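All chains are identified by letter, namely A, B, C, D, E, F, G, H, I and J, in their written order; residue positions are counted from 1 within each chain.
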C-alpha cells in the first residue's frame, strides 16, 4: 500500500550541536536502510526547505506508523500522511 | 527536472453532462499519452477525492506549464506546483 | 484497516428538488448496506452541520476509494481521509 | 452523550526527560482507566503524528471537561471537541 | 446543557425574492418560539454581518441538532457548535 | 454595550510555578470582582480547552480595553473581541 | 466611539448590469451622506481591490450596524468590524 | 515606486465564450501597452496556474490602482498588492 | 502617500523586565515624535490586544520602511502593510 | 530558469548578539556575491518586514536549492519557492 508523506523538520536553535549532528547522521542511516528494504520508495527534497516529499510502500498503516515514529528526527518533524490509490488513468498496473 | 504537482478537480454541477463526459475522456487520453512519453512520471489518486498527486519529469518550467495548461480539465482544476530535488539521503542517483 | 473519514455535504440551492430527494434516498440505502457489510463501521452526525464523521474498516485504500467515490452524493461532498492506527495506550487489542 | 475529541501533543524539547517519562506513564494509566470505565470509548493513533482521535461517552460537557483537563499531558495538548449525534442513516440504535 | 452556536447566513443572490422573504419570516417565528421555550437562551447579532452568536440551553446534542437542522434557513447557513462548561471562576452556580 | 470576548490562555511551560499559581489566583479574584460589578456578564469555559467565552457589558470600548488589559493573565492570552447587537428576532428588549 | 471596518465587495458576474449600476450609485450617495454627517469618518480604497478600509464614528454598535446593514451593497459585501481605542502613545486627545 | 502584484484569474465557466475571448484579447493589448510604457515592469506566469506575478513601476498607489482597476479582467481577478523597497544587501542602486 | 499598517506586538515572557520597560519607553517616545512630524497620522489601539492600527503619511515605501524598521519594538512585532488610495466616493479631496 | 522566492527571517530573541551580527554580515556578503554572478537576479525588501522577495536565475532546482540551503540565515528562514514562466502577454522575449 502506498502513502504520500510530507515531513517538515524544525530543529530548535538551542539544540546541542553534537546531539543535532548525531540525530542527522542516525536519520540518514535509517532513511537509507528503509530505502534499501523498499519500504521508503521515494525520497525527494522540497526546494529551499528543510523538508521532504516521500512515498512509502508498506503493508498497512501500522507498519507506516512504526517506521515514521521511530525516525530519530520524529520529535522535531511535522508529518502529513495521505493514502494513495492507483489512478484510473494510470498506464501502470502497479505505479510505485 | 522533477516537479510535484497536486490537482484538485471541481466540475460545476450544471455543466452539460455530454461535455463533461467528453472532457474526461480527452483528459484520460492526454494523461496516458504524457505517461507514455515519460513526462508524466507518476499519477496517483488521493483517497476519497477527485484529485491526484503527480510527478512530472520535464526539461523545465516552460515544458511543465505547456503540459498542464493544455489539459482538457485545466479550467476546472486548482493546481499546486512544487519543484523537487534529489534528497541528500537518497540512495538513488536518479530517483524518479 | 481503519480510516477516519469526514464528509461535508454541500447541495447547490438550484439543484432539482426531485433529483436531490432521489440522491439522498440512494445515499441512505448505500450507507446502510455498507454498514451491514461492516465496511462503514461508525457513522455519526456532526451537531448543527450537514456533515458526518465516519470510521471505515476495509482491506486497504483501494477498497476505501471504491466505496467513497461510488456514493451518490460524492460529487457534492468535500471528503477528508486519515488513516488510523491502534493506539499504544488502547486497552483493546482490536478497537473498531 | 458522545464527543469527538482530537488531541495533538507537543512536548517542549527542553522538558526534563524524567518528567516527560513520568507524564507519559501517568497519561497512559489514566487513559486506560478511563477506557475501562467506558468513558473513553475509542482511542486511535493518527498515522505519523503524536496525536489521537478519540470518542468519549459521558453524561455531559461537564464530565468531559473534568476528564480532559485532568489528563497529565493536558498542558501540552491542543484539543478540539465536537459533539456527535446519531446519524439518521445509521443502522445502529446506539452507535458507540 | 449549554452550547455556543455561531451562524453565518449566505443567501444566493438569485434566490426568488418571495421565497427569501417567506424563509426569513419563518425563521423569525421559529427563533422566537425557541426563545420563549427557553431553548434558545441568547441571540445576538454580530455587528456588520448577516450572522448571529447564540447560546442554546438543551438536554443534549440530539435536541440541539433537531432544533438547528429544522431552522428554515439551515440550508443557507454555516454553523459552528461548541459545548460550554461552567467556568471555575464564575460566581454564578448556573450561568445561562 | 455588549462585547463577545474569546480568551485563549497559553502559559509557557518554564514559567515559575509559584508565579503561575499567583497569577491564576489574582486572575480569579479579578474575574469575580468584575462579575459582581456586572461588567463581566457571562463567563463560560470551552470544553477541553484552557479558554473561555465571555460577554462583557460596559459603557464602551475604552472601558472594555481597560478591563481586559489589566487582567493578570493578559500577557499570556490571545483575545478576540467582537461587538454584539440586539438581534431583530430577539424577544428580549435587553438580552444580556 | 470608533470602529475599524473593512469591506470586500463581490458582485456576481451575472447580476443585471442596470441593477448593478443603480446599486453602485445608491451606495455612493449613501456613503457621501454618512461622511457629511460625520458618522463615516474615513473612507479609503485598498490598492488593486474592490474593497475599502473605513473608520466609523458612532454612538455605539447599534448605530454602526444600522448604517452598515442598510448600505445598498450590503448583501454583496464581506464586512469585518473591530472596535478601536485611544492608544496610550497617541499625542491626540481625540484622534479621529 | 515598485509594487509586487499577484493576480489570480477565475473566469466563470458559464461566461459567454465570445465575451471571454474579447476580454482576454483586450487584457493582452492593455498589458502590452503598459509594459511598453514601463509601468508594468515584469510579468511572469506562475507554473500550472491562470495567474501571474508582476512588478509595477509607478509614481504612487493612485497610479497603480488606476492601472489595475482598469484592466479588462479586473472583475474576475483576486489581486494582492505589496509595496517593495530597495534591499540593503542589493548591489543595484536601482533594481527594477 | 498613505499606508495602512497593523502591528501585533509579542514580547517573550523571559525578556529582561528592565530591557522591556526601556524598549516600551523608547517606542512611545519614537511614536510620539513621528506623530508630531505628521508621518504617523493615526494611531489606534485594537480592543483587547497588544496591537495597533495605524495610518502613515509618507513620501513613499522607502520612508515607510525606514520608520517602521527603526522602531524599538520592531524585532518583536508582526507588521502588515497595505497601501491606501483615495476612494472614489470620498467627499474629501485629501482624506488623511 | 527563473524562480520566485520569498524569505521570511525570524531570529530568536535570545540568539547571541555577536553570532547574530556575524550571520547577518555573512548573509550580506553571500547575497552580494550571488547577485554579481547573476544567479540572484532581483532582491527586494518587503515594506515593514524582515523579509524579501527575490527572483533567482539558475540552471535548475538543484542549483537553486544549493544556493538557498547554504545561506547563513537559512536555519532561521521560512522560504517559499515558486517556478516562473514566460507570460504569453509579455513583450520581452526573455524577461528577467
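Descriptive notes on the structure:
One rule holds for everything that comes next: contacts are C-beta pairs under 8 Å (C-beta built on N, C-alpha and C of every residue); 3 or more make two chains touch, one makes a residue touch a chain.
Note that this is a predicted model, so its numbers are computed, not measured.
Chain centres here are C-alpha means, and the one lying farthest from chain B is F. Annotation: the B-C interface is duplicated by F-I among the options D-E, F-I or F-G, judged by over half of the residue-numbered contact pairs being identical. Note: centroid distance chain E to chain I, computed from Cα atoms, is 39 Å. Distance between chain A and chain D, defined via averaged C-alpha coordinates, is recorded as 27 Å. Residue positions of chain J with contacts to 2 or more other chains are 2-3, 14, 45-47, 61, 64-65, 81-86. Remark: the chains found to touch one another pair up as A-B, A-C, A-D, A-J, B-C, B-H, B-J, C-D, C-E, D-E, D-F, E-F, E-G, F-G, F-I, G-H, G-I, H-I, H-J, I-J.
The residues of chain G lying in touch with chain I in their complex are 2, 4, 27-28, 31-32, 35-36, 42-47, 52-53, 82-92, 95. The touching residues of chain J, counted against chain B in their complex, run 1-3, 60-62, 64-65, 81-86.
Those residues of chain B lying in contact with chain C across their complex are 11, 13-14, 45-50.
If you check the complex, the residues on chain C that touch chain B are 3, 5, 12, 14-15, 61, 64-65, 68-69, 75-76, 79-81.
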